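Order as written gives the chain letters A, B, C and D; numbering starts at 1 within each chain.
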Amino acid sequence: MSALGVVGGVVQPVLIVAGSPLLVGLMRQVRARLEGRAGAGVAQPWRDLRKLLRKERITPRGTSEVFRFAPLVLVATTLVVAVVVPFVATESAVDPVADLFAVVALLALGAVALALAGLDTGTAFGGMGASREMTILALVEPTLLVAIFALSVRVGSTNLGAIVSSTLHDPARVISPVSLLAAVALIVVIVAETGRIPVDNPSTHLELTMVHEAMVLEYAGPDLALVELASAMRLSVFLGLLANLFAPWGIATEATPLAVLIGVLALVVKVGVLGGLLAAGEVFVAKLRLFRVPELLAGSSLLALLAVAASFFLA
Amino acid sequence: MLSLWRKIRRTGRVAEPPPPLPEGERPERAALLGGSVQIRHVDAGSCNGCEIEIGSAFGPVHDGERYGARLVASPRHADALLVTGVVTRNMAEPLRRTFDAVPAPKLVVAVGDCARNCGVFAGAYGVAGAVRDVVPVDVEIHGCPPRPEAIVEGLRKLTGR
Amino acid sequence: MITRTLTPAELPGQAGSLLERGFRLALAAGHDDGDRLRAVYLFTAAPGDRRVELHVLLDPQAPEVPSLAGLSFAAGRFEREMHDLFGIVPTGHPLPQRLVRHFHWPRGWYPMLTDAGEPPEFGSVDGPYPFRTVEGPGVYEIPVGPVHAGMIGPGHFRFSVVGETILNLKARLWFVHRGLEKLFRGRTPDEGIELAERVSGDTTVGHTLAYCLAVEDAHRWAVPEDAQRIRAILLELERLYNHITDIGALCNDVAYGVLNAHSQRVRERLLRLNDTVTGHRLLRGAIHPGGATVTALPDPHELAAIGTDVAEIVELALSNTVVSDRFTGTAPLRRDQAADLGTLGVVARASGLDVDARHDHPFLSAEFPRTVHTRTDGDVLSRFLVRAEEFTTSIAMITSLTGMLDGRITATGPAVTGAGGSGVGIVEGWRGTIVHRVELTGDGRLSRVKVVDPSFFNWPALPVALTDTIVPDFPLTNKSFNLSYAGNDL
Amino acid sequence: MNLAATGMAAVVAIGLVTALLAAVVPARSAVVGVGTAVTGAAAVVAGAAALAGGSFSVVLPEVLPLSGVALTLDPLGGLFVAVTGGVAVAAGIYAMSYVDSLDLRTRGVQVALPLFVVAMALVPAAANVSTLLVCWELMALASLVLVVAEHRRGPRVASAGRWYAVMTHLGFVSVLIGLMVFVAHAPDDSFAALREAGGRLSPAVAGVVFVATLAGFTSKAGIVPLHAWLPRAHPEAPSHVSALMSAAMVNLGVYGVVRVGVDLLGGGTAWWWLLVLALGAVSAVYGILQAAMSSDLKRLLGQSTTENMGLVLVGIGAAGLFASSGEHTLAALALTAALLHVVGHAAFKTLLFLAAGSVLHATGSRDLDALGGLRPVMPVTTAAFGLGALAASALPPGTAFVSEWLLLQALIHGLPAGGVAAAIAMPVAVAAVALTAGLAVATFVKAFGVGFLAKPRSGAAADAHESPFTMLAGMGVAAVVCVVLALWPAGVLPAVQAAAGGAAVSGDVTLRLSQATGALSPLLLTLGLLAAVVVVAGVVRAAVARRARREARLWDCGGGPMSARMEYTATSFAEPLQRVFDDVVQPELDVDVSHHQESRYLVQAVEYRRKVPDRIERRLYEPVLNAITAWGGAGRRLASGSVHRYLGYGFYVVCGALILLAVTR
């Protein structure tokens, strides 16, 4: 466990927790401005969370521990990812966990916890959300792993630190067809996993069309705060991952205060820009019919497979 | 895509400058919410006129969201109920249940004259009463239907922004 | 208008022959004449604005009518309504369940009877609800409402579903049943206006106008042409703001929020225009029995600008492939289904039916061409396009009517007083054909007002259109119908 | 006599004594249970000893005609003996009271259980063809008796028995033919002789031997397209037998492929392993897809066995492919991953089947659409199934996660090594493994979420009660193994690597790949996760206002209380996936709407029917079955449905095989 790793392991989760609601606020603000609105301000999600923490906790009748612990698991999985993935520093606090597969599986575990909570309520909506979420998760998995495959093959490792370092040392790789194809596939995956348009509509008010939201309809107060925080964190984690897999520049490679500061700033800027672009892009697309989503995901799988093929034949 | 972008650019900002913060007292519990008020709308028997103006209040011109108020899908996520219309005999229980589903601290806003005092529907056989007769009301908004400005003013009493 | 008085036994034959001759059942209502009950059936037919009323006098001891449910789908629903409100029993009805009165309403208490009095104790709301259980492995039910996640009126939908596939949908309405029709009783026609304006808040003009036409019909009251033109302008202004709301809402339901924002911007502009024209954003206070008064006429230039704006929004929506994919082929209502169920207005025209009271039952002497609809497949896209195309023609109509008025902002016919009787008003509101029927006592007071919103006819079409539709497409479909809860439940 | 030999002797001795006791006092199921468990324990000891290096070899020429019985326990066989023993321990303990409650106390059934375990333990120890075939057939017959044990419960059991009997014997014949051809080119039928001869076989003969044995062995492992019996037989058997079959017996199919393909034939050529890889990938995806559609809890678990054996074959195929291109470290890595998955699968599948049996015992139902709400009434079973589901879903901290991680590492590092064939095969394999993993998550979320959480969907589920202690103890054994495998796989890695014949992974807390960068620490990951949960819970506790938790009614949209019918069902949960894959699974759906006479818009009744047929089965088997039916009388007389007759066939086939063996020698 290196000093840099420890610094990263402390700075990153703090940054992600503090910054994620702001990222969501920023994305809402971008959308509001494009719609001609003034918007509630970047800090509004933090105000929402603060208020939710002050509210009453409610246990819906008939729910079990699964319902109560799911928000904790959801936040905890994301928190572990925030600690181990090289966001600010190239070295990981817990290197044997900073594996792409492990990180992906951890994020999936969070989604599973929430899906089980949705089923645990025994409501039609909870089950519906869980079923949709799991269908999407099952179909996202191939794209995700094949895209990871494409990225790892050139490095010969799925260790995130190794991938990031290798890109730092050989920047030319980023503009290779492999990277570009894998990037597009990963973007589709991120859109699907974080429930953005065109897969899910984060601001829908219609129970019957919801995916993520349908599972959390029964959560109130602090539990809801955790769920909201976790979904914001997942969004930043995914965007951070995307940023550092393809453009790791700025990340701290040594444990000096200046390097870490630059690393933090670089991450904030990168994730902010990606979030802004994602929010702006969302304005221009509509939500797909539920059973067109698999077609989108199949298309992205194909891109990922192409990326692997390219990595072999162009290597 | 380009044409939409042109439309967005040409239209520019639609939201009108915010009026000054309304005078008058705020419900005590509203201060606990700290500038974030999630709202669940309940139509307890309105003619849907008030819904039109609530829609306007949250439309881009009046932009109720900029003051920290937001419509949400579930009463579990809500801090305030926005109740419109007289409460019909069929909606009294659903309204009570919705109120019960909201976690404390919670507020109720009665929107429109029907919600306040049954309006023109007073005395109809299907009417159980005004909102106050079924759940406690914290803020009332006058009008039939209230103008969006009045609704925004009522919301700002909750958010304090 | 032809009026015939029949015995119950003669009803099916007469009704059958009218239906065969192309009439539709526009209204059926119970009446309490004090000593006996009476059922009134209004049949209308399109070319030539023909109207036939059948009055059935009922046995005071056992008020029964033979059910017409086998002849006309709508009749079956009117009969259930009569049963619930007046205790008139439709004999031989295939589905004699309660419609208006929910389970917890006291048995044997018929609220529309003159001597109904205060209701007995209401029961618990969680009673059994006769509901078609779908048999099969893994079928479950989604209960939605009456309190919905979106800003929708209160209705309870019960989907029988396997996964995402809708097998059956049952809509339970009348949650906002306030007893509006009974409130009219004993008022003067002028006092009834405030109620007519609030039948359905978004259809103020449509209902007020139908009400005034009915009152005027009862009084044989001549209304000046200018008043009718002002009324027609108001009717189209109402269509404009509601259609653009729906266009935006349909875009919003497929998460294309930016166009909803633009539509809401346009709507706000139209509501403000309404405010300058009538002094009320929802166009209240301008129409009254005998005439109409506005404070200003709409500016044709502004309307033209709005028209361009909206055309652009529609173009942007349809040029998005995902949006058009979501709309195309979703929840189609076939022409024969639309005709069988007696659907009206936007829904009917989107399915290729040529029903439009502005042409079938005109109150205006000037003729305007019918709107040409480019797509009549009965899917969401058709209903979207019907609205968009009507938006354009409405603007043209307003412009032309404004020209005819030449700045005159008020007109009222010579007052008529006294004289009882009955009258019918038929108006093409923005949702579809609205029918009001009034009966007046000798001293000119209202003794019975029956209101029929097109939603009453269109609601049963929604489950039919949803066959083979997936659950997440329901909100979009529902929005494309956009039926009134308040106007249906009364 | 070393420990391994003693252990094997104990297995045979205790097993036979137990069988004898069972024949004498069939009512004392505790005796059979304890005997089976002890037999299993002996097998674990023998296997472990063999893995630790204590191989033994023994030849008893007088026991069987021809070449006699030859037993050898090497590390590869030891692993499978140990796994079989482990499953038997859990199943035996579980059987002590489960058998009581299900009235399975007929003599034949009680005798068959220990014999089944003994046969399974002997198969990997067989050192010549005749021993292998005899043990193989004994295993098949014993399991057949157990499958049809509950034939009084309905025609489905009998049908399952028929399918099993026919398929297992076809598989047997296939293995027989393959080995026969092999033996014909060797001096005798001992494995040593075959190993010797294997290198000299012409590619054509070696190919025939490999393909014939592959067909037979993969049929036992439930690999597509010879899987049809598995989802029939495994669920119909009593649950502890399901566990033995699904967690132990299928492994022997894998063992056969490795023993013949890698050991005796010496590796062969690349196309063999591409074939294995393809079969594995197809089985994995197809098996889990069928499981995802299934709303029968035990059938779902059976179909998941096909999936897991598919994943194992992917690993074995990759290992063979790497070995044939000279990448021995990678080959060892892939084989390690495959064998670790065998071990892990045995643990979690035992746990899952035993938990499912506990549910069946308590509710009488295995239909997920009728279950639910078991958590408050069956907390231990619920926890056990939840753990098993986590283990099976390849999510951290689960058992399958570690082996699938190793498998993916092998596939990723194999790309640069394997040439063009690998360049095409590896990404597709990764995609297949990933899709399998994703669908497995959906499947087990469905099984656990619908089957155990929320509210009961039927009276039977509402009246459920927790199972007796011994059944819970049986689950406990499997659960502990699952947890150990998930958190500290290093504990079994040396054993697995000994069986795989190469060390590609090292480390204790952290697993590190040799000769490639890649590291994973399941323990640290789990500890990190726990720490994060504690931190988050603590922070929330500190930040939250001091308000009491309030219990409230579920949000019903104000519409009234929610009934059990408003809960999502398993069928519904899978319906989106069914739609997505409708080209593959081709479900048969039918909605019957009847209307009132008066109007076609007044619905009188709606009925929904759905069937998800096994499409491969339909395409492949139905024509064959139809042809057989068309043969008419002779066929009908042969296939009378009598189990005894099938047992007879089995006997004749064994005899015939022995005669053939004698002739070809």
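By our rule, contacts are C-beta pairs under 8 Å (C-beta built on N, C-alpha and C of every residue); 3 or more make two chains touch, one makes a residue touch a chain.
This structure is a prediction, so every number in the text was calculated from the model and none was measured.
Just to note, of C-D and B-D, the chains joined by more C-beta pairs in contact are C-D. Averaged C-alpha coordinates give centres for subunit C and subunit D that are 62 Å from one another. We define each chain's centre as the mean of its Cα atoms; on that basis subunit B and subunit D are separated by 58 Å. Work out the mean CA point of subunit A and of subunit B, and you get 34 Å between them. Rounded to a whole number, the gap between the C-alpha centres of subunit A and subunit C is 47 angstrom. With touch defined as above, residues shared between interfaces to two or more other chains in subunit B number as follows: 4, 8, 11, 14, 60, 71, 73-76, 91, 93-95, 97-98, 103-104. Residues of subunit A in contact with two or more other chains: 34-37, 54-58, 124, 127-128, 131, 204-207, 217-218, 221, 283-284, 290-291. Among the residues of subunit D, those in touch with two or more other chains are 547, 550, 552-553, 555-559, 562, 566-569, 572-576, 579. If each chain is drawn as a node and touching chains are joined, the picture has every node linked to every other.
Interface of subunit D with subunit C (complex): residues 295, 369, 556-563, 565-576, 578-579, 591, 593, 596-610.
By the touch criterion given at the top, residues 31, 34-37, 124-125, 127-128, 131, 197-198, 201, 203-209, 283-292 of subunit A touch subunit C in their complex.
Residues of subunit C touching subunit A in their complex: 140-144, 148-151, 163-164, 251, 253-258, 261-262, 265, 320, 322-323, 325-326, 470-475.
Those residues of subunit D whose C-beta lies close enough to touch subunit A in the complex are 292, 372-373, 375-376, 393-396, 401, 405, 408-409, 411-413, 415-416, 423, 426-428, 430-435, 437-439, 441-442, 445-446, 448-450, 453-455, 509-511, 516-521, 524-525, 528-529, 532-533, 535-537, 540, 543-545, 547-557, 562, 564, 566-569, 572-577, 579-580.
Residues of subunit C that touch subunit B in their complex: 102, 104-105, 111, 116, 119, 122, 125, 146-147, 149-154, 174-180, 182-183, 194-195, 198-202, 204, 245, 258, 261-262, 264-265, 267-268, 271, 281-282, 312, 315-316, 319, 484-486.
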